[in-house]
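Heads up, there are several structures right after this.
The same chain A turns up in both complexes below, where it pairs with chain B and then with chain C.
Right, the complex of A and B next:
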């Protein structure tokens, strides 16, 4: 199976939130029923953050202009990294890559350690206290393996979300960025081509990465170094055991005379002598 | 043969508790640390290991902290044992210790006080690393409280790095302290038995201290 990707074009997104609703509907993720669940921030964004039951939101980065606002929408969900820090950090192998590049969490295996939560540079996986497991977007693998588009893509009314072969999505993103630059959006960029080995969510960032809250050149160096601790720790422990084994071997014939203190003279007196 | 009471019942009990906690923490921690082990034992065992790890971590932290309040004199005694003024014998001991350890304990070692210079030099980093592993572990139990993200990522790394360092020191501690190393044979009785050390062994390991205690006599010196 070829690698696939979702392409999000921020210049076409109207933040209708249809993708958020479709995600919740398809994946049967309930929404809070109370009216005051979220803190009012003057932003049009809702919900304010991802959660175990919200795997996709459109972030609103509202920037005031002289007249009106630059909205700078951004699809906030799993990027399905090729070098997925969450997968590397998971101690039980609950996080895996599908052949098409999608990264998913097997809740049957998840032990709720939250190492993936700590490791993801994008802060995507969310731990659920009730089930003690972690959740995130799985790129609707039940749909994509049946030749259907992910739920969010299928519902997008403006074509801001597309799904297909990753190479095709990248080509489309590059073309769109060229169009945007011609139209005056000089900071327009493609995101996801090479980041973390290549993402499986490609973004057309209309006003540049920073304006859309994207991390330029994200790193998972610490997670990689953390993984290196395992062989290094093993080698160090083996070295110490080896050195102590050598010590034990060298002392195999060790014995010493039994000496006690002569209280009268303060000198050591030999009680038993070891045969040399 | 005369015997010297080197460790109190309280100190030995605390050591027993910490031994069980430490070994349990290592076994359960390694299940999480090495993915192939986790995969081999299965998810439910890993989940059980995580719960045991946290219970044992609580014991690991609470036991010595409570001891400071129950036995403040003992705590001061331990601190005094670590922070003493090194004399020439202490320096000579440290110079000779590595060849002594690796080449079969054949070198003559200088007399030592209640705490050998090498013991103090090993104990202090072990205590500091233990505090570090406890603090980083607390962050990992409540990552959301500590803000999550990069800070927790660093704490996870630090927790595991300290675990590796402590593990290496622990192996050496067991080898020497439990008397696997032939010149230290019988030392296990001090912490895992009745807390006594024979006059001959005491004079060999802690000559200066043994002479002081034997000269004082009293309840700490018995004949068997």
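Right, the complex of A and C next:
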């Protein structure tokens, strides 16, 4: 299978949020049921952030002008990096790349350690307290392996979202950027070609990366990784957390088969020890 | 739409004015984006910066309610800079017609005004008649049908041909009158009225007027921002006039595009659901038409296609009343109620309800408790009802109007019945989109619980009423008991395909009274005024017919007797886009996908895509063309392009004999017309609640509007309510929220009622984003969250700063998932002079931070 990618063209996006809703519908992610559970976001961006139950949102940012504004939209979801920090950080091998480049979390294996949460430069994975597992976009692999487009792409009314071979998506993005530049959007650029070894979500940033809130030249580094780990205290003592992370970076082929099913309760039992 | 959705891709300039297409018609932007990819420009005119504006090449903020001044200024710009499409204007409009010298205009009023009645004598705006030609009703004449046995007797009409000046120089010709009329709309004046910066205004005019060049196409997409004003109909007319001056109607990529606010609102107007209409845009009879002959004589045009109007009325009556409708009883015309001459619009209906004149109300997918103008008044009015039936998918605010905030529940005696309805996936039938495509939709699942198809609900109620009238009698029982109800299946349930065939129309089989051969007619040209045909909605004739290729003779198409929608035109799903004329380019006409009324014409008035000689204005976008001996066609011609004799001989109609706009008496389009209540040229007036005096005349408001009592009592003035408010819809919600505020996935994407406030006004009022604010006027007070944003900015108009705020009207009190203030508690129940559409889009309020 060739590498595939979603292409998001911010210049064609009308920010209708159809993708947001389609994502929740296809993946059966719930929303609150009563009025009190919702808060006013002061913005068209709603919900304001990703969550274990929301894997895709459209970000809205306004740049004021004398007449009107520049209203910059951005699809906020997983970029499916080739050099995926989350995958590197996961101590139990719950995060993997599919052949087409999509990155997914296997909740059966996830131990809720939140290393991936801490390591992702884009802040994509979200930990769910109730199940002690972490969630994010998985590029609808149940659809793509059945020759269908991801739910978000299939619902997009304007062609702002496309899905196909990564090479084709990149070529289309480059063509679109050239068109936009000709039309006066001089800062237009492609995002995702080389970032983190190449992303599997390619973005046409109409008014430049910064205007759309994209991180220029994102990096994952060991130093940053350790920095991010410090405040975490999830599953056990900080030392264990450290050991887990350290062990991961030191011994990448380490066996992490530590989830067992408790026959008595029918529940998966979380990791309790680390073996060298 | 005079064209259709997919045709938007052929435009060179797209003007979105008074519409938020990106949010309310998301799929439309697919085609606008396609046009932009080919180099088209997009201009968005709106008081607030919307998600449509976010995509625009040019955004033009305007003071709400001043669109007519914008258009008047554009006409003036076109005249001053000689940018009109000269050939088009001469060939396809009434620019050359000479107007009677009784026409005049002075300080905001046209001649013929009666201040007491608030109405005009439109005969003062007629043409000078050059020649009177009586209808030729002889056996070989064009109107021989008038004397056919079975046709009701009436006095044949006389064609009044107007005097013309093809050079457009006569000072009383339409063109010269128009130039004079709009010379007052200078850029300085228009800027002063609209609050649009003059340079920006001229930039917009330049961009759009460029489409006057032959071969260029400009399209205007509009919605409620144009129509929901006390002069909304004139705004629509103004857009048509703009498009005619620039040659933008009847061409690929051009048109006047009403973006319908609901998926089947086109279908509902086609079916004549407005109080003044019958199906197929026939006018409903009033006390001016006491007899069938008087209706025919007054409603039939003396020229053009509407000369056939009697055929459509009588065929409709034959479908309604079947065998009961005979020549002897005037085809049951007397069974039709005659309007008393006063309006019975939504506004007037609730006014009558408040006055206790209405006992019962049936609501079908309507939620006036939230959606009506001045809706707190409507909720109070409903308390005067004895009974109410609400047919809907959810329990709407209207169904629980007696539980509304502030309602005195104990004092309300109205008996309310909720009838659960099937949603569109749970029933089959046709839906007409804005581009007039009629598409059959199939049932996917059974409706839940007791929910039923609307048609089934109607049928059950009808059958019960019939039974009661037959048993108990009553006033004029035949009106109901004699209705043709031949729409049931063997089990007694409604069969929607039988209704479809009735809508389509057929030749009546004298033996059975039903469709001859079991098939529908292919064209309304076959409908008769002699009682031999039946047809529910003449413009739909042909949509529920099927073709198939005769296997013995592949060249021969046969009409098949089938009731299977998949075999019908409305069910056809051929998405090939291949031009029929060799060597021309595909235009996205998709003639084989569904069926567009009338007669599958995709771009109506398409004769206007060619000059007088039949040569296309744009060889790259050919709809029809005259090849010297016949008409070549990519689209179905919207004109008589050939005559077929009884023996099958085809005689092409040469270009000089064809009609550009066959639905008018003039048979060309009207830059000047006598059909509107407030004058032959659209003129700027201020909204009923405005912060400014009319800068263009001393006539402040539309002189032809009458204001109902409850509205007059609650009008506000700018000294108390200095802020202009407008309302809008969001892509996340639907109308009054009945559908969407009960779906958590959608609620989450826009969970709370809010109001958009400019940074300047927020600072002035000490408001920050997230504050609860109170918005109020004489009609009510609502609370909402403040959204302080650069998307809305104060304008300078009439020498003063005008603050505008904007709020969605999706919220109410009837959901557990999302409740909020009702914007329509603030909107005025004042209607337009022609249609009585409420002035939802501009009114005055004040705003303050809510004290905690």
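Everything below uses one rule, namely that the second predicted complex is superposed on the first by the 214 of 276 C-alpha atoms of A that agree within 3 Å, B and C clash if a C-alpha of one lies under 4 Å from a C-alpha of the other, contacts with A are read in each partner's own complex, and residues count from 1 in each chain.
We take it that a contact is a pair of C-beta atoms (placed from the backbone, for glycine too) under 8 Å apart; a residue touches a chain by one contact, two chains touch by 3 or more.
None of the values given here were measured: they were computed from a predicted structure.
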Worksheet item: In the superposed arrangement, which partner chain does A:92 touch: chain B (first), chain C (second), both, or neither?
Response: first
Item to complete: Please indicate which partner A:113 is in contact with in the superposed arrangement: first for chain B, second for chain C, both, or neither.
Response: first
Practice prompt. Please work out whether A:47 is in contact with chain B alone, chain C alone, both, or neither, and reply first, second, both or neither.
Written response: second
Worksheet, complete the sentence: The residues of chain A that touch chain B in their complex are 89-93, 108-109, 111, 113-115, 117-119, 123, 127, 222-223, 225-226, 229-230, 232-233, 236-237, 240-241, 243-244, 246-248, 250-256, 258-261, 263, 266, 268, 271
Discussion item. So in the complex, the part of chain B that touches chain A is made up of which residues?
Written reply: 1-2, 32-35, 38-39, 43, 46-47, 50, 101-106, 140, 143-144, 148-149, 152-157, 160-161, 163-164, 167-168, 171-172, 175, 180-183, 199-200, 203-204, 210-211, 214-215
Worksheet entry | chain A residues within the chain C interface of the complex | 11-12, 14-18, 20-21, 24-25, 30-35, 38-44, 46-47, 54, 62, 64-65, 67-69, 71, 73, 157-159, 179
Response to the item:
Residue set of chain C touching chain A in the complex reads 22-23, 26-27, 29-30, 33, 37, 49, 51-55, 59, 61, 197, 200, 731-732, 744-752, 754, 759, 769-770, 785, 787, 789-791, 793, 815-819
